[in-house]
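Take a look at the following structure, please.
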Amino acid sequence: MSAVHDLAIIGAGPAGMAAAVMAAELRLSTVVLDEQPEPGGQIYRGIERLAATRSRHLELLGPDYALGLELTRAFRASSIEYLSGTQVWQVEPAGRIFYRRNDVAGILQAKKILIAPGAMERPMPVPGWTLPGVLTCGAGQTVLKANGLAPKGRFVLAGCGPLLLLLAAQLTRCGIKPTAILQTTFNRWAAAPHLLGFLGAPGYLIKGLGLLRELKAAGIPIHNVSRFAIKGDTQARAVEFVCNGAARTIEVDTVFLHQGVVPNSNLAWSLNLDHRWDDVQRCYHPKLDAWGRASNAAVLVAGDAGGIVGAKGAEFMGLIAAAAAAVDLGKVGAEQAEERTRDAKTALNKQRAARPFLDHLYRPEQRWIAPPEPDTIVCRCEEVRAGEIRRLVTEQNCPGPNQLKSFVRCGMGPCQGRLCGLTAVEMIAESRGVPVSEVGYYRIRPPIKPVTIGDLATLDVPERSDAVHM
Amino acid sequence: MADFDAIVIGGGLVGTAVAYGIARLGRRPVLLDEGDIAHRASRGNFGLVWVQSKGIGVPEYQRWTRQSSDTWADFSKELLEETGIGTGHERPGGVTICLSEEELDKRRRLMEQLHIEAGETNFDYEILRHAELKKMLPAIGPDVVGASYTRYDGHANPLFTMRALHAALLKHGGTYVPNARVESIQAAPNHFVINAGGQSFAAPRLVLGAGLGNKALGEMVGLDVPVRPVRGQIIVTERLQPVLPIPTLMMRQTVEGTIMIGESREESGFDDTTSPEVIHTLAQRAVKSFPFLKNVRIVRTWGALRVMAPDGLPIYEQSSEFPGAFVCTCHSGVTLAASHARYYAQYVMDGALPAELARFSTKRFDVRAAA
Amino acid sequence: MFALLPDNPSERITVHVDGNTVGVPPGFTAAAAMLLHGASSTRTTPVTGEPRAPYCMMGVCFECLMQIDGEPNQQGCLVTVVEGMRIERQLGKCKVDE
């Protein structure tokens, strides 16, 4: 095994990249492990190649995306070891990181581990959401940014949140017009008290209004819907919805779903970090101090994985957490760290202050969180439906997600609960009539990404023939 | 205060099987369980319904195990009829694979000893060499020297079994109370009041089926239950097309197609996390026996804590200080589920354990201490 | 169900999608190649055999499991195409070569 790094950063989105740049400045020996083939995470996906080969699209995607380019260049220029195409499958807080790269399993060691795996789309379990032709808005954006791919034929975007409007606008600018946008949530009144904080963060409001204007000008219908289902037998063919009390159907070839993003949390759970339930964002956050230190002394968390803060917020968190790691390793004094992070902390607070408005505005209503239709699939991998989950709680007193998992395999598939976990805990809480925080979450164990038996058999660790009869 | 015919503490395979058995007799049990996250050995159970390695030098255990295995198919059918939930039980026989001549020889001697000790019960076995084993298990690799085989072995899905038992318990009018950790027990002969989860329960019969929790609970009712945790780590693969027609001691393919790999033992206290070193060693042995596993992906690993008595045997006893209080503990919750439901439950309600279970009383530990 | 926007570079990498020889721009993942050239469904589930296709394109949903160069159950959205890559649908449970 190779030398022990000062810092291992998992993830190369804005948080990971900003952390790496700071860590290099503070002279920490740093390694960055990134699942993607190029830096940028999800928000700046494919940005280097895009800038190099399709710069016209760069303009169409908007100024926020272009900002990522600067950060990516700084990341590439910093003296850190960058391992792309690397899936981390286990992290021990004691310092070992197990990964897979180029079909070979490896281990490396670090004194501090900064996890920045970012966010993923909140699951949106509606009838028909597992049909081919249904993707997340994030997926739509990814193939647009990274591959210049756009949907053929008729398509709708359904759900709520800024990304819905942004993707619609980006596609429209490319000449690909959505057939309609179907909005499921818009909590104008709940959001209003938080407007001041929102206005404090430059640009958001203007951007949001700008997108709406753009879409209206392009003649794209935006409907507020109270019911929504995707129809089709072997692929998505149509969407049915209720708008202003009237039922309507639109034929489609593709559907993009989105109702916000949530922390991509399996890595944090597998480390047994303490979490708390955030009822506004309706997801679990790891408990962190002001610098991003988690409940385990060797681990820090930065970016959306610590709670949704957005791309700029993620950058600031990364920078701050790297500074904290440096202090903890004795590489820099506390005062110096304070100074270097002061501006970032102020800027981060501004970003954080802007969140509640958006979080409230787009906080999905209960029916989009806990599907009322019994046939709606909740666990996509194991095909467990909403009705079965409710029955287990109401008829068999199932108290929590781990019992649920053991009884009906909900959460036992390859995605390890990423797409069903939040739905399951919300449904159990609703059926039991208790807060979600009382219900808990799945117990997440390694490997958090696939690894083969062959990989495990050839792992460079001592054999335990005392424990296993060989 | 709620009155029942029996209180069973522990919602795992052991407790639920006994509670179901009591309900099946037409009596009213209440099953008290902890919360969603607890030690829960049952969730980590491998799923073997295994006879061939049990009870060396202890013919009573061999017989008790064999009886349970023989009734398992019936037990499973009954659960299916009552709840519509299949346990996934199959009894194609089982093998214990040996990777050296020395191992095979040792295995043969063990099987022979079991055969002799079985006496009238008649324990039949075969020692298979590579070529014959390959007909049974085509996927074995060249390093496999041979195996022991008996037709008494099989496997089931422990989680489906749990679910079926839970459903059957409720169907027969039993009560299940989760989030009900026991706070106190007021014990008197054939009268027990349990305070758990902010409620009170009373019954003339009490069964401790709480695994590792039995030690502390036992002290409250005059039962010495010296159990300790022994960790086992397990690997689960992605779903595969059928490739293992019969289970082996260290590996079996489930009804869903996943392959479970296990059989490690460690004294690690109450730590049920997995360790890369043990997982690595399990994987090594697995690949050696079945080379096709090299390119198979794993979906999950876990560690679970076996409930182990000093001699590895079950502990069955009625408290002499507080008659009516019973302990029921073992590390083979799946294998013995049938007998726990069908027989142990009856003994509890009868208020007496039969002579054949005397071997499993905790008094055996006193004898050892005295000797 | 997807098409390339104009202004895409003209360079193409040759891959085989479900037996068809096609070209995709460099930097495509196997899943993106399927979206461009494949049928509507890219796999059938090992549970009930129902048809599925990529959903998240970022490695968390595991819907994009496909066979790549003969290896089953690969997350297609995390594999970048190389010249000659064979990309096929994953039908049900993995087969095992003994």
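The chains carry the letters A, B and C, assigned in the order they are written, with residues numbered from 1 in each.
By definition in this document, a residue touches a chain if its C-beta (ideal position, glycine included) is under 8 Å from a C-beta of that chain, and two chains touch if they have at least 3 such contacts.
All figures in this text were calculated on a predicted structure; none of them were measured in a lab.
Ranked by how close its mean Cα position lies to the mean of all protein Cα atoms, the top chain is A.
In terms of C-beta pairs in contact, the better-connected of the chain pairs A-B and B-C is A-B.
The geometric centre of subunit A is 23 Å away from that of subunit C, both derived from CA atoms. Computed centre separation for the pair subunit A/subunit B is 40 angstrom, with centres defined by C-alpha atoms. Averaged C-alpha coordinates put the centre of subunit B at 43 Å from the centre of subunit C. Multi-chain contact residues of subunit B (touching two or more other chains) are listed as 238, 256, 295-297.
Residues of subunit C found to touch two or more other chains are 47, 73.
Contact with two or more other chains is made by residues 413-414, 450 of subunit A. Residue ranges on subunit C touching subunit A, taken from their complex, read 1-5, 7-9, 25, 27-29, 32, 35-36, 40-42, 45, 47-48, 50-63, 65, 73, 75, 78, 80. Against subunit B, in their complex, subunit A makes its touches with residues 90, 92, 96, 98, 395-403, 406-409, 412-414, 416, 439-440, 443, 445-447, 450-454, 456-457, 459, 461-470. Considering their complex, residues 35-37, 42, 46, 49, 53-54, 56-57, 85, 87, 120-121, 130-136, 138-139, 142-144, 146-153, 174, 176, 234-235, 253-254, 264, 380-383, 413-415, 418-419, 450 of subunit A touch subunit C. Taken together, the subunit B residues at the contact with subunit C in this complex read 138-139, 238-241, 243, 256-257, 292, 295-297. The touching residues of subunit B, when paired with subunit A in their complex, are 33, 35-37, 43, 99, 159, 162-163, 166-167, 170, 176-179, 233, 235, 237-238, 256, 261, 263-266, 273-287, 293-302.
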